[in-house]
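Data first, discussion second: the structure below is written as structure tokens.
For clarity, chains are labelled A, B and C in written order, and residue numbers in each chain start from 1.
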Amino acid sequence: MPGPFALFKWEAVLRDWQVFAEGFGMTILVAILALALALVLGILFGMMGTAHSKPLRLLNRIYVEFIQNTPLVIQIFFLYNGLPYAGIMMPVFWVGMLGIGVYHGAYVAEVVRAGILSIPKGQFEAAYAQGFSYWPAMRFVILPQAKRLAYPPLTNLAVNLIKNTSVMAMVAGGDLMYHADSWASSNLYYGPAYIITGLLYLALCFPLATYAKYLERRLEVSS
Amino acid sequence: MKKSFAIVLSLLFAFSLLAAGCGSSSTPAASSGSAASGEAPDIKAVKDRGTLKVGVKVDVPKFGFKDPNTGKVDGMEIDLARAIAKKVLGDENKIEVQPVTAKTRGPLLDNGEVDFVIATFTITDERKQSYNFSDPYFEDGVALMVKKDSGITDLAGLNGKKIGVAQSATSKQSIIDEMKKDNLKIDFLEFGTYPEIKAALDSGRIDCFSVDGAILAGYLDDSTVILPARYAPQLYGIASKKGNEGLTKAANDTIAEMKASGEMDKLLAKWGLK
Amino acid sequence: MSALFQPSVLGFLGQGLLTTIYIAAASIILSLVFGTIFGILRFKGRFYGNLAAIYIEAVRNTPLLLFILAFRFMTPLPPLQAGIAAMSVFTTAVIAEIVRGGLKSIPNGQWEAAAAQGFSAFQILRYIVLPQALHNVLPPLMSQCTSLIKDTSFVWAVGIEDLTGKGMIIMGRYGTTEQVFTLFAMIAAVYFIINYTLSCCARRLHAQMSNN
């Protein structure tokens, strides 16, 4: 009885490497686009969270609290199987990008908000004294400083995002996890398939995680 | 509960040390061949344990279905399991049913968690390499379910469309064979569970839900229709782990006896499966 | 839509909720125990610390879904326990890092003073450093709890009928637009109430601690 890691199973993985490559490419693509969306949404909502106007701050709270307290799986299922009932039939690629982007956008918003709040009020006042109005003050004085503080948590966030792209496997999304699982289900070569998949994710995430640690250390040293 | 807890604890440590060796979950030695002395070790193991563990479906009406109101699992396949239990253990109630899906039934046999899988499991040559199958107890075919208002009446109507199938079920291959004959181009989307495929059909993500006709019947509702075509006759068999010759023989004997005595016909009629 | 609020449907979903809570609770307990152990190991051990580091880094950089699939199809565990095991293995690594961070935050002076008093390393850890460390990292630990409760929804990928799973099954039976949207709203609401309550408590706790 062949074991779960028998040699012929590994050979099958090598033979069908294109299946894994296709999934890997999709994962990277969705991750990059979702990250971009998350950053845009996060910076926008994060700034709203520190705004003077109460309604804007409320919007920030609603977005962050709702997204952060409901599972990503449910959000993706809603986009995939729920929206079509309202006539919105997005290709699964967009479902992934939108769902994962919006989800992580809430986390980025919190990081941005914390970053801005950490800047001493004196900075704002000095900027206003110089004649900057709100948005230019943000753009040229506050945000550049907040950025430095935000990089380590943002990098960790990116790692989580890459891992979370695997949710697309649950809606036949064509990412690495979907292809690996589909391949393994049809020939039952689970062992090598899952190990290769794990290594591929590691290859993406580990460098980023190490970079995050490096950024954290640099921050500790300089502050 | 305590036993599983201990297994979980030890596995937490052991998992990271899972070596890439050829570790196989081998059956107790000395099964095939020594039929002379007494009974097969796998049968003995079942008798010692006192219950027959069977993997069955819980979402296929008439075959293996869990009544949401009572929580009981019933169906033709559970009755088959009871017949085997009566033969091996003398008591048809000494069975322990374990819910399985198309994806999990193989692995559960391999790791010994169930003695038999009686779960709309189609016999194929490829699967025979990995499992022992009994003689067939039922014949079904791969069917197609579409939305009533889609106007699709046959496979040709699905040209250029999407079919949803369960991972690791045989439906995909049967349809692909059929597709090649008529030169059709159809996309396949795989999902982990049948409810997800049904949800995808409902929301329009896929145009067709394809699986064995018997299983499909469980998901029929007012908005869907099952096309009359049946592809690739599917013979259902009772599966057991390779090397468990004693159990396979018991299953075969049970089926043969039931067919000969008319029990099998009565069973199929009971569940409206004739 | 009123069809959704009958006892059988609510009961069905309720079973899913119980499963979710059970999986989450078991995983949290196991992860806290083993996470603390691994966190201490990586903080203080030489050889075992490196082993722990390999485990932690390998697990933290792979998706939870992979573990859930692997534990379900490659181990002899029954489905529910496989899900718990997968989530525990995954969350242990995360908590190990949190604990390690907490341990690092304790000033060296504490160690030295206690050693001068004659405490052994183990005693220092047990009575002085660890309680403070855990106390310091209570907020990230609690946020990890809410993450875990949300992540239990991944077990549906292997057919475990948690709240998400039961919801999807019910959706097959109640398929009008109105019912589908209502179901999503109901399920999201349940997760939201549980997690929001937890994070509010966490924030209050954090505020209290900061005041002290």
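To be clear about the criterion, a residue touches a chain if its C-beta (ideal position, glycine included) is under 8 Å from a C-beta of that chain, and two chains touch if they have at least 3 such contacts.
In this text, all values refer to a predicted model and were calculated from it rather than measured experimentally.
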Centre-most chain [mean C-alpha coordinates]: C
Centroid comparison with subunit C (C-alpha atoms), farthest chain: B
Averaged-CA centre spacing for the pair subunit C and subunit B, given as whole angstrom: 34
Chain centre separation in whole Å, for subunit C relative to subunit A (CA means): 19
Computed distance of Cα centres, subunit B from subunit A, in Å: 38
Multi-partner residues of subunit B (at least 2 other chains): 25, 103, 107, 192, 196, 199, 202-203
Where subunit C touches two or more other chains, by residue: 58, 73-74, 156-157, 168, 171, 180
Sequence positions of subunit A contacting 2 or more other chains: 4, 81-82, 85, 170, 181, 190
Footprint of subunit C on subunit B - complex, ascending: 4, 7-9, 11-12, 15-16, 25, 68-69, 98-99, 101, 103-104, 107, 111-113, 192-193, 195-196, 198-199, 202-203, 219, 221, 223
Residues of subunit C touching subunit A in the complex: 57-58, 60-66, 69-70, 73-74, 146, 150-154, 156-157, 164, 167-168, 171, 177, 180-181, 184, 187-188, 191-192, 195-196, 199
Contacting residues of subunit A [partner subunit B, same complex]: 1-6, 80-85, 89, 92, 170, 172, 178, 181-182, 185-186, 188, 190, 195
Subunit B-touching residues of subunit C, taken from the complex the two chains share: 8, 12, 30, 34, 54-55, 58, 71-79, 81, 84-85, 88-89, 92, 156-159, 165, 168-169, 171-173, 175, 180
Subunit C partner contacts - residues on subunit A that touch it in the complex: 4, 65-66, 68-74, 77-78, 81-82, 85-86, 159, 163-167, 169-170, 177, 181, 184, 190-191, 194, 197-198, 201-202, 205-206, 209
